[in-house]
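Each of the two complexes below includes chain A, the first together with chain B, the second together with chain C.
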Partner chain A sequence: MSLLYAMVIKTIAVNTFREAIRDKILYNLLVFTLIVIAASVLLGRLTIGQDQRVIKDVGLAAMSLFGVLIATFVGTSLVHKEIRKKTIYTMISKPIRRYEFILGKYCGLLLTMFANLVIMIVVLFAVLMLHSLLFSHQLVSGSEPMGYASLLKAVALIFFELMLITSVAVLFSTISTPSLSVFFTLAVYVIGHLTVDLKELGAASKSSLVNGLCSLCYYVLPNLDNFNIRAEMVRGLSVGGRFVFYAIVYGALYMTAVLLVSILSMERKEFV
Partner chain B sequence: MFKTQNSRLEIQDSRFSLCKLSVLCIVSCVLCLVIVGFALVQGQLDRMRPSRERLEEKLIYIPSGRFLRTAALGFDAVLADLLWTRAVVYFGGHFLTDKDYRWLYHILDAATTLDPKNILAYRFGGSLLALEEDDVERSIAILKKGIRNNPDEDWRLYFLLGFNYFYFLEDHIEAAKYLERASRMPGHPKYLPKLTAKMYAKAEKIDTAIEFLEEMYEQHEDRNVKAAIAERITILVAKKQARLLEHAAGKYKEAYGEYPTDVKSLARVGLIGELPEYPGGQYVIDPNTGRVDWVSESAPQWP
Partner chain C sequence: MLVVRTENLTKEFRESSLIRRHCVKALDSLNLQVEMGEIFGYLGPNGAGKTTTFKLLLGLIFPTSGTAWVLGKHIREVKFKREVGFLPEQPYFYDYLTGEEFLDFYAQLFRFDKGTRKQKVRNLLAMVGLEEAGSTQLRKFSRGMLQRIGIAQALINDPELVILDEPLSGLDPIGRKEVRDIIFRLKSEGRTVVFSSHVLSDVEAICDRIGILMQGRLQRVERLDEFLNVEVESVEMTVSGLNQMGREAIQSLGGQIIHDGSKTVIAVHGISSPIGEAAIPQILAAIRESGAKLASMMSRTQSLEDLFVETNALNGAAKDTRYKTQNARHEEEVPCVESGVLGLGS
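Right, the complex of A and B next:
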């Protein structure tokens, strides 16, 4: 029986993936990301022997930023597109449970994100290799080693960050219009990077009420800084395996909570 | 009849296609002209407002690193790289023109707040702020910030700080402290321990210089380096003894109204205990000034 549910989710996921890769927004953002990664070579030439570091920093930042934009723009229209095209009625008339529909859509979008990240990381590695072949003699002595393994670790956590953002995008797509969903998803992304400052603000406040509220917001809102080890990986600093493990667990738990809310929202939705 | 109608439709279709093509050509030409037009206008605008002034204005509005860290939304590293690149371009531009680097510290401070591990930025600021901008205070500030954030990474940060204290502030004690720290770090050049000892000697901290060199002598394994350090220790010991002899010569003058002619006189009257020995040479006193020096065929220069 569970195998049947898995097959349903898999079918929806694959179809969602096929649909997503036809989306023009996806290609525009992907091509732009690749251009930014390639152009980082020019930016690196302006520094004093730190070209490789700049290429890695820009590459990872582009992956993260544009990954978020892809997750937002493609993810927020997932459910609404089905409603607009009226294909949702075909779906709900079939023996497909609503949670299977949500999970299938989510997994399809994750597959899309994964494919995009693979393309981006391949281009980044290619740029780094080409750069080291052409300009290795000009590097300042003592510059950071290539560190492909470190880059992959950083990208892995970027992927978990995108998984979380994607789940938020799916949630908003079930409860709001696409334009508002984009706005809310990006707002969550911004808030996710400001929660640490919010907590520090609360701690610095003399009011225990403010402190309490800030702490509550800190624990309820997603802390996306948990997935940000880009700077450490590029500079060859070590990040403990335990930290990475807990960051992944945090991401998985938060994602599960958001998807549960999405499923509940979808269950209560009336399609007329 | 149908053939005639068909051929008429075909003619109409081809006329329509021709019309569309000509419209497209006209629109393309107009578009090209418009693009050339606004490129020319942009050139004119650039001539009216020099680019360097625009850069100055942009730098003025760069907020502090603390604010940028929050505003970066997790993109601290890439923002730091952009600021660092801008600092390099800013310096290069002014180096070739008016040598006015008033904003260099501000932008380097912001860049290093976002990326505290960018040691090159600290070195860049630490060297150029003092040498090119004559701003020793800020040069020291940025180097100390670099050391706070990277205490064990680069001996050069300590070296540059020591240089600033020695060359610009003439504070030999502080200079010696930082040079000593630099010479304890891996990768330091071989001349650094000797330089540190010189600095302590200049600050009249001869005992400290001797202690430091003795420690360096134990740590180093290279024979040549050990020999150089041993030579330096000999000189400092000689200097220390010379100071003691000068002090005794001063007392001699107080007692007898004139400086002694040789070191043995000091021993004869009991102002010193044992006669100090200098390897391969001897101490001599200037009877006019009381200054003590040593003479030897192979003695290196006085530090």
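Right, the complex of A and C next:
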């Protein structure tokens, strides 16, 4: 029986993926490629012997940025678009459960972002290889602190961060308007990277109200810095497997909780 | 067996503005029964509550009170939807899909295997006359083609019950005939069809029974064969060259001049009574004697339009009950009652 539910989720996910491809969402890859190539040509020349480090840093930042933009703008429109275009009428009138619909849409968007990241990492590796072939004589010994394996580890955590942000976007799309959903999701992303600072700010504050609010944000909003190991990677600092494992478990639990709330919201939603 | 049964099904929509919050009753204590194998026409002006009824039955919205069963299953269940097909009003679909992909997608939601899906898609495209458009994206479809592919998706699961919301709107005469033929075919296969329409002549030609909904209330349910097989109500004659003497003679015989111009239209009512029947030859003689010429003579039975207008008049509805809200509905303000999935009645 659960296999049958999974089949419906897969069907909706594949359709969502197909929609993203045909709506030309992957065109962002062209911009990404241009940024990485530009970084390799221009920024590399400004830093002596740090060319590859700069390319990786810019590449990872661009991956994260494009991913967050897709997660936010596509994720928040997942349910709204179905309602606005009234395609939800024929969907819900079929023998599918609302949670299958939400999970299918969510998985479809994750599939899109996964494909996006895979192509991005291939482009990044290609540029790095090409760059090292062309400018190998310029490399300073010991200037490559971050290998390809570490790079993949950083990308994996970016993907988990995007999974979490997408679940937040889906939640807002079930309870709020499209524009507010975008605003709230971006707000969660920004604050999510500042939660530790917020907690410290609260602790330093003399007001119990400020302290309480900061603590609330710290515990309720996701701590997205758990997924950001780019700085450590670029500086050549090692990040333990245990840290990555805990970050993934944290992300999975938070994402599950957010999706559960989205499903509850969807179950009560009326499509007038 | 009853395919659809509703018990005091009621739906209120909450609407709020900056100043106040109120509810509008879109459907008021609907008690409707649709029998297996019949074609049921659901009529009513815009905003009467037809689409709201369909959405309630299919779980798109939840009743404020009352409840309903479809194919013997409560509307809260999902299982009955395996046996139901639905075409929404002015359907919008995933326009990035081709005709074949679109139908295959819906077939997958019913968990059909690949071979069955392929067969179904081919048959349905042929049935709605879109074989040539199978590999065309829906965004390139005309309005009529979208309506037809919409009907095809509603039939993808060979449903026992087909609910069609305004299936004839936006179609040219040939398209309408094709849809009518599809509905007849469904009936001949023993399926039940419930559909709403504004095209009364089509409803009259297709339906076994009709229900008229006005301002959220079901006003009447009639069997069309019983209702339309009544005796001749009146006779209308069109004559030219009728002089004043002829007019007076006709009026004295019970004829009513309903239009006077280059041609005169005379109506004779109460034709089923012996007096009314006897008046016809006398009026014809009066026309002949006055030197006028008879252009045409038509008998009138009660039509669905008459029934509709009469019901509307009895209901005391405003001349134009049309409201343009997101989901057109009539505007009767009522105190808000909590609704939702848990707000179902017994």
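List of remarks:
Here, the second predicted complex is superposed on the first by the 246 of 272 C-alpha atoms of A that agree within 3 Å, B and C clash if a C-alpha of one lies under 4 Å from a C-alpha of the other, contacts with A are read in each partner's own complex, and residues count from 1 in each chain.
In the analysis below, contacts are C-beta pairs under 8 Å (C-beta built on N, C-alpha and C of every residue); 3 or more make two chains touch, one makes a residue touch a chain.
Because the structure is predicted, anything quoted here is derived from the model rather than measured.
After alignment on the shared chain A, the placement of chain B and chain C results in a side-by-side fit free of clashes.
Put simply, if you stand at the Cα centre of chain A and look at the Cα centres of chain B and chain C, the angle between them is 160 degrees to the nearest 10. With both structures placed on the common chain, the touch criterion links A:65 to chain B but leaves chain C unconnected. When the two structures are aligned on the shared chain, A:43 is found in touch with chain B, with no touch to chain C. Applying the stated contact rule after C-alpha superposition, one finds that A:188 touches neither chain B nor chain C. Legend: residue contacts after superposition of the two complexes on their common chain; A:231 is shown touching chain B, with no touch to chain C.
Of the two partner chains, neither chain B nor chain C is touched by A:255.
In the superposition on chain A, A:78 contacts neither chain B nor chain C.
Contact with chain C, but none with chain B, is seen for A:267 once the two complexes are overlaid on the shared chain.
Shared-chain residue A:155: touches no atom of chain B or chain C. Per the superposed model, the minimal spacing between any CA atom of chain B and any CA atom of chain C is 23 Å. Residue overlap on chain A between its contacts with chain B in one complex and with chain C in the other: absent.
Chain B makes touch with chain A in their complex at residues 70, 73-78, 80-82, 84-85, 88-89, 115, 117, 120, 124. On chain A, the positions that touch chain C within their shared complex are 4, 7-8, 11-12, 15, 18-19, 22-23, 85-97, 267-268, 270-272. Against chain B, the residues of chain A that register as touching in their complex are 43, 46-50, 53-54, 57-58, 60-61, 64-65, 140, 189-190, 193-194, 197, 224-225, 228, 230-231, 234-235, 237. Residues 13, 55, 58-62, 78-79, 81-82, 84, 86, 88, 90-94, 96-97, 101, 105-106, 108-111, 150, 153, 326-327, 340-341 of chain C are the ones touching chain A in the complex.
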